[in-house]
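After the structure tokens below, expect a handful of questions from me.
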């Protein structure tokens, strides 16, 4: 069976710095892959290579059977890759609802001429977007839905994260990339996040998710497929228990002495 | 930024009353300031305006009630607006100077709305709107003078030419940003203005003279307009024409703003990288903003050329572009109503400050700086989209 | 020498610190540990006065940071090593060090002897003095950043993730120097992700989770308690 | 042919030096504050007026005139313009440091209007052009049959001296070091005990004073000064700074020479080139920015994801 995303020997160099060193991995439909590794290990670079923000120095990215290496981001999104950012990047001066509707950009098609001369069609398109966006928000959290007319910049942290995920889902992705969704959350919020991702998995069994995480509680919740990178290279892969007990992983996180202590 | 609170909806009658009286008051204010002579009258009226804004700032509920009223009785508001615009020249009477001011203000309102697509919606600098305006004016004037083309045919031709120019100056926006992009647009503006100034077929610094007045159904726009026995000066023709253009510009702005195009522009204004991650082709939408800006500006240019029947490169300088930019910033970025108010205010004010004879430009400069320091969000800040909240 | 009491800070609407309290006594080497996103760099920026506390009190060298600007810290004898070194890339190494020296000792006369001292402490720096700091390797930059903080002989040094991006060998070297500086009497607050290295040289430690202290105690205890381990894996 | 060539070379060097001095101010201010001070050209062009006024005042007050006292008057002007720069920074420009680039740009354009209008109103008959004396006259030497005036030598040597002094100031003095540090990383500069306000004050003084010298030379070159010369001086100086790469001193000098070069080339080789010179200059600006958006010697801007 063909995988949804296959990354083959992806290498990314910035000047002399090797941010990614021949990393290969793949993820199938409906799977969750957790990527762990110390700070600066190259995890975010990996996302940027997959989503076309960077063109890898060498290596290939295949998505849904098509080579997408170096395709511009907006085309990658249109093919079905949604993402969130480590530092939440909402459109903070727009309403919550607008944020989600912008997420549907690749699923709508009115152009300038259409907007000007077929206002009815444009209005219907927007109305459909509003309806869909409201459903998405309702599904995400009633609290967020209630705040849908507020500027996104005024939301609390947990709601921001939910909104970012809802916005990514609005593009009807086949693959969702979450970059450290638990940053800045306390325990309660983190639990809610885990619940959110679980719910997402039952609602959309076909959706694949790649998760960059530092909070091991989140990783533990999705333990089947974990990959650890350090210094730009993949150093371990497998289920969480295997990766966790891998001496190289322990070393990467804790240093040599602690592992043998 | 206003957050949405639709707690208490005004009753129909109350809403209609508020909407109608607000519009009549605004029209009266406009009338007074247009008619004002002598500096103290102008200053008094400005103080009144300032007090109004202070009140709205202190009590935001007032603004909420007003907007709620307008959206409650849109038809009543629309009819009042149309009536005010149609009847205004009758109130002004034979004062051609006031009519002239109104025409210029309306053309600037169109220019400001054009620039607003870029500066307001997408936050892309453009110091070349004056050049697009000039290209519109020159293309239509040349076609009319040299080929005898009618005004109504030069209008689309000028728009197409300017749009192509818009695409051209938009291309660098894919690679440059902020300050650097601003300089590219300044450079384009200077190049266009200098070329108009130097080519012989554009009349060089002397410009083009003798642009024929348009006519419609046998009625020449150079002759007085007679309605039900009322005789209005010939300027009234252009007043109604430019008013019509403002309406077209508003509809264009509104339709784009409320479509996915406007949202995409807003998205790349807020965060370009996040916009790209939503599948927005950022480069294309930037170029598009330039093209739409130039397209609308060309219409204003054409009407201007046929109105004054004489154009020269001096009408389309860097300073004109800066003025348009200031109108958008002072009125309120990405707020259609605000931008129009900004255009009217900044067209009429310097004229009225002739009362201070020579000091008006100085005053103008100081007002702009003070404005940017005290109220950088503009008179009417952008609003959150509402999507027919009655549901 | 340094105390945070019940400090809250936020980046815009994102809360970063939630009632954080830590304390560094004169002569101590205190390690503040935590995973990514726990609020380590925010703590550093709050101590420096770059980020203002929304609630609570930040005292550095007996002064309240609420009224003390960042630019006044150095003169009180505080050396700072920000995250990612942040050298001035087009300035030479010597110029970077000069700024660090002037900052703490107010353009005193002893720059040259101090410079020699730093070159003895970090032998790699010596032949790089005239080179633009931006052209150095990551390891060398880390050393210069530390030297820049130390050269004015500050009483308190605050370091934010100095080991980030260094190779294991360099990390060892780096922490050895840090430990040495501490032994000579400098108070140090070391903000680190690397638990073993950080706690290995520290007197006391705090474990920072989600913007507040989850655990604190003598470094040895923390290291053996498995608490640090469970924090990451 | 050789004569023409040398003559144009002389023109190019003279003009290039003046533009370079203007560009340095733009670049310096941008480097430190990250703000485009669009009215820098207008600030610079106040200096001929202040010099004229100072010369007159000297003549009336102590009854002295002549070349020596003209020199004193120009020195007064340079110093005064430096102070004007500091005041403008404090009152207006600094407030736009953290505002969107667009706001700062429009505000300083408006500031330019204010400065020009102030000259017009405060200076007697300010709307009219005023003759400005050559700061040096006479023929200094002859190259290939072309007479090179003392003025050209003055411009070139003054530029060289100023550039050397500026470099020495930035490289060798503690204040220069602080300015360079603050322009690279403001937050860390503060951690190093560097006070923003002092750095800004020094930067504006130096940039405006150098601009003032450029303004004096420009007026002297043209033989005349007018209240609105600042617009073009500003546009050309800004363009030179951007072509060279904002924030880079060698870039500013290079940009000034390139812009002057295009102007001179257009005037020499293109029929009617004198009237098209600005077209060529700004087409070049567009071209450079298209292919090297960060300017010729600027550092590329990395967008962090």
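Structural remarks
Every chain is named by a letter (A, B, C and D) in the order it is written, and numbering of its residues begins at 1.
In this section, contacts are C-beta pairs under 8 Å (C-beta built on N, C-alpha and C of every residue); 3 or more make two chains touch, one makes a residue touch a chain.
Because the structure is a prediction, the values reported are computed rather than measured.
Note on connectivity: the fewest chain-to-chain touch steps from chain B to chain C number 2. For the pairs A-B and C-D, the larger set of C-beta contacts lies at A-B. When you average the Cα atoms of each chain and compare centres, the chain farthest from chain B turns out to be C.
Chain geometry summary: the mean Cα position of chain C and that of chain D are 43 Å apart. Chain geometry summary: the mean Cα position of chain A and that of chain D are 50 Å apart.
Centroid to centroid, with C-alpha atoms defining each point, chain B and chain D lie 35 Å apart. Touching of two or more other chains is recorded for residues 53, 85, 92, 154 of chain A.
The multi-chain contact residues of chain B, meaning those touching 2 or more other chains, are 273.
Annotation for chain C: no residues touch 2 or more other chains. Across the complex, chain A meets chain B through its residues 51, 53, 72-75, 77-78, 82-83, 85, 89-95, 97-98, 101-106, 108, 110-112, 114-116, 119, 122-123, 125-127, 129-130, 149-151, 154, 167, 171. Looking at the complex, you find that chain B touches chain D at residues 119, 123, 125, 171-172, 175-180, 182-184, 186-188, 190-191, 194-195, 197-198, 273, 318, 322, 325-326, 329, 358-359, 361-362, 364-366, 368-369, 372-373, 376. Of all residues in chain C, those touching chain A in their complex are 12-16, 18, 35-37, 161, 164-165, 168, 193-197, 200, 210-211, 223-224, 228-229, 232-233. On chain B, the positions that touch chain A within their shared complex are 1, 3-4, 252, 255-256, 258-261, 263-264, 266-267, 270-271, 273-282, 288, 292, 382, 384-387, 389. Within the complex formed with chain B, the residues of chain D that make contact are 30, 36, 92, 95-96, 99-103, 105-107, 109-114, 117-118, 120-121, 231, 235, 238-239, 242, 246, 272, 275-276, 278-279, 282-283, 285-286, 289-290, 293-295, 301, 303, 305.
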